[in-house]
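For reference, the structure is listed below as structure tokens.
The chains carry the letters A, B, C, D and E, assigned in the order they are written, with residues numbered from 1 in each.
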Amino acid sequence: MFRWIIRRDLILAWRRRADVLSTLFFFVIVVSLFPLSISPDPRLLKSIAPGVVWVAALLASMLSLGRLFSNDYVDGTLEQILLTPQPLYLIVLGKVLAQWLVAEVPLVLMAPILGVQFGLSQNTLVVLTISLLLGTPVLSLIGSIGAALTLGLRGSGVLVALLVLPLYIPVLIFGALAVDASIAGSNPQAHLSLLGAVLALSLVFAPWATCAALRISVE
Amino acid sequence: MFRWIIRRDLILAWRRRADVLSTLFFFVIVVSLFPLSISPDPRLLKSIAPGVVWVAALLASMLSLGRLFSNDYVDGTLEQILLTPQPLYLIVLGKVLAQWLVAEVPLVLMAPILGVQFGLSQNTLVVLTISLLLGTPVLSLIGSIGAALTLGLRGSGVLVALLVLPLYIPVLIFGALAVDASIAGSNPQAHLSLLGAVLALSLVFAPWATCAALRISVE
Amino acid sequence: MNSLGCVRGDRRLFSGLNFSVSAGTLLQVTGPNGCGKTSLLRMICALLEPAEGTIKWQGENIRTLGEEYFTSLTFLGHRNGVKEELSAIENLRVASGLNGIDLRPKAAVKILRDMGLEGREQLPARLLSEGQRRRLALARLAVCNTTLWVLDEVLTSLDKAAVALVKSLIEKHLDNGGLAIVATHQELELNSGSFLRIELAS
Amino acid sequence: MNSLGCVRGDRRLFSGLNFSVSAGTLLQVTGPNGCGKTSLLRMICALLEPAEGTIKWQGENIRTLGEEYFTSLTFLGHRNGVKEELSAIENLRVASGLNGIDLRPKAAVKILRDMGLEGREQLPARLLSEGQRRRLALARLAVCNTTLWVLDEVLTSLDKAAVALVKSLIEKHLDNGGLAIVATHQELELNSGSFLRIELAS
Amino acid sequence: MPNRKINWYKYAAPANFYPLAGKLIPWFGIPAALLFVAGLYIGFFVAPTDFQQGDAYRIIFIHVPAAWMGMFLYILMALYAGVGWAFNARLASMMATALSITGAMFTFLSLATGSLWGKPTWGTWWVWDARMTSTLILLFLYIGFISLQAAIDDPRRADRAGAVLALVGLINVPIIYFSVQWWNTLHQGATIRLLNKPTMAPPMLAAMLIMLAACWLYSIAIVLMRLRCIILEREHEAGRTLTLGAKTAQFSRMESI
């Protein structure tokens, strides 16, 4: 059942809360690496901030996604889940939702604090948060396809996993551009609507692809 | 034996070449995102280039580190390796070397191509490559400590990052500064020698720490 | 079930296999290593598609039945399906919950006791021994109310007490009109239910 | 070996265990699930530190012997130590190589044949059946020239032919003056070598 | 810890140390509280207002001791962890675990007070100054240590793994420190630097030193308290070993054939 899956994954996340926290800290550290490697000049930092925060978010979500199915696969629980009398679509959606709640939401909440380190204005911080709120579910959804495909490590699946990574790019670009626009003082709404559209699209299609990929990988 | 370990890991990497490719791909994407999300002002791009390439290299190498020991641990081969009559130091060194060859060298070779995107001069590209060549082995060496420490812990991918990223910072700074110096037209040699010194230091000490960590983790 | 064939890679494991199992029957699948027992069982669970033939459940192809079929199926594979971070109780409760059975903690504790896991209920499964993990996986059989059990090498790493336990579970299941399909290398001698055996050649 | 004790977590599995094993002897460790067989075997392999007592090999503590000890030890655990991506041949050759034996492909093929893996030499281990993987792991025993074998539940998922094979391997090993320490739930009856048994209580 | 020299061996056993720690806590805790009050009083009411910064500078009385403690405690923690690992001394390992949280807290405090101070003086919450950056990295090192230990359930393994990490970190700290300095100074000149040390009025100096002493005493007291909790947790498990573990191995048979 939908709520059992979410509940299970949330309990597991709680058991591994160090894991959740470390995703968050990872995000923080990655963001802090950029000033260290570029320069402490505040003007320069402000202009790269959107890109930096977005890349870090993508990375953090990618790292936590790897584990979305593989733990269940290795210990055989995935087989068991596939054999439960529940629609697989819902199960996948439940798992992705749990993953998003656990791994991405804290990150979205942390982003404004990091934005302050880069000297972003309050208005921009709001746009940053909204763009992440719209974009991170897409990362989880698309990432779940890749996670499912790489499970069995079959020749064809692996190639497609490589194709998933480029699918992240639009999300990154729209997200970063929205924040850029807000820094430049123009209206970020166009970019945000595009992000929303991508979210709606992937909400409908990504779970199907993930289901198919799971069935292939388990065979 | 040393060469058997290297040989084995190289074959395995070849079998899982998608992993290797996706690390490389990730590197390329992270680096390319910046010109896309930041204003196409060539001067700005040039000034952030060293930092961006270095951070991307660091993140990419960290992504591939998670797998350094964990696969062997899960299927029981790590136990077998620990029980071989070879000095563990050599085995660790062999694995790290193989990992470097597979995951980092392609990345070092790719870096100059990406550097061109940022309008770096030929001279700077050479410095960039040299700095990466000196710096990436340190990343692998230090990273192996983190990988060994987190072995068998759930969510180790992110934990590794958390442990290792702060330790990477000197490499990052010296590496980026060397390239910066070259862009500014001054002599990068001081930074490169510092990188070399860090490499020598970690070549001596890191494998010991990794051995200790492995023994602790397997128990 | 009809004229089943299995091809894995370039190798035909078996073909023209025909059998049907009726209520209260234990079907034991035996044969040397690599003869295709696991493959056959996974086909029956719809985890693997047969290269030829169809598998029917109550007259209908399991492929078309889909989730409905799974309501009456319990599968136990080589791997235990036990989550290492969850405690024994949680493992059992979650597994039941996913199959639509809401197991109270008290009931879960009782079942675990019956399975000989007394005192280990709260340990994360990671710390259990191999045999204890297997017992935990088997505890699901005591919870589910499905008619078809598909068990792959159930007796692996179990001691004698546990083997007896499994036998009594299967006997009770058969007495209730259930079906069991079991692959083992050891003999499984039961005191009740009817008995069928397929021996696959290598 | 001296007065061995093992504590796992908050639970004392055994203590005051004393035994010594001499050349040509098979030591069988038995006991119910979770009694500490695996833990004992891992201690003997220096993978786990005893909570009390020491383990000696030819009069010396194995902790101080280090790599020297490993030259005379072969361990086979619950997990097979088989890499799923490598083919059977590669797995065997790499395992031997790491133990300092350079196995020619021809020789490897012959050993795999003896282990009943004919025709599967080139398959990635991922595609092998459970029993075939176990056989592949066991093939290392035919290659190594160590004196001490430590085998944890060797007979798991093996069919009768393979069990006979393992027995004959161990017999030959004992005849050559080797030592074997084996944990099983099934009986292991050999025709040669002397025999010792430790039964751990739960 | 000065008192540890007396009868080191006796008190190296956690069970013996537990009551001793209980007795020591008030001896450190009460003076710490008194000194805090005194230091804050002098700092906030006696010390003169700075003519450049107004009253905002008074944050220094918390900020500087916290920054110092953050750094000292890391070194102390690494040393204890190393001793615990090398000599298999459980108490020392527990000490490291107890220290890590206090150290992280002080480091965080210095960051927080620093950025609170930055807003009125520099106009921003944060600049990438060398000292601030290296304090941030120190906080990351603490967090790494704490997360690693939190992720491992087996206390023995947690202790040892933590020790490896802390020692590696200790070797790296100076390297990190200097690299950050280089990074900041070699770039486009100094951006905004910490204020030059103002010539201190005697009451300011006194307040600072008193606060530092208070922080030390507080750290000792809180670490002892935390240590008692850890001992209790772990010995509780061991205690159950004694009662539950009465079942010992039996040889039902040991026969030769």
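Throughout what follows, contacts are C-beta pairs under 8 Å (C-beta built on N, C-alpha and C of every residue); 3 or more make two chains touch, one makes a residue touch a chain.
Since the model is a prediction, treat every value here as computed from it, not as a measurement.
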At the largest C-alpha centroid distance from subunit C we find chain E
So the chain most remote from subunit A by C-alpha centre is D
Leading the contact tally is the pair A-B
Rounded to the nearest Å, the gap between Cα centres of subunit D and subunit E is 47
When centres are defined as mean Cα positions, the distance from subunit B to subunit D in whole Å is 37
Cα centre of subunit B to Cα centre of subunit C, whole Å, reads 45
Among all residues of subunit B, those touching at least two other chains are 16, 74, 154-155, 159, 162, 165-166, 169, 173, 180, 219
In subunit D, the residues touching two or more other chains are 9, 78, 85
Within subunit E, the set of residues that touch 2 or more other chains is 140, 143, 147, 151, 180, 183, 187
The subunit B residues in contact with subunit D across the complex are 1, 4-5, 7-8, 11-12, 15-16, 71-72, 74-77, 79-88, 218-219
As the complex stands, subunit B meets subunit E at residues 142, 145, 149-150, 153-155, 159, 162-163, 165-167, 169-170, 173-174, 177, 180, 198, 205, 209, 212-213, 216-217, 219
Within the complex, subunit A is touched by subunit B residues 16, 18, 21-22, 25-26, 29-30, 33-34, 36-39, 44, 47-48, 50-52, 54-55, 58-59, 63, 66, 74, 154-155, 157-159, 161-162, 165-166, 169, 172-173, 175-176, 180
As the complex stands, subunit D meets subunit C at residues 8-9, 31-34, 37-38, 78, 116, 119-120, 123, 127-132, 134-135, 153, 156-162, 185-186
The answer for subunit E against subunit A in the complex is residues 124-129, 133, 136, 140, 143, 147, 150-151, 180, 183-184, 187-188, 191
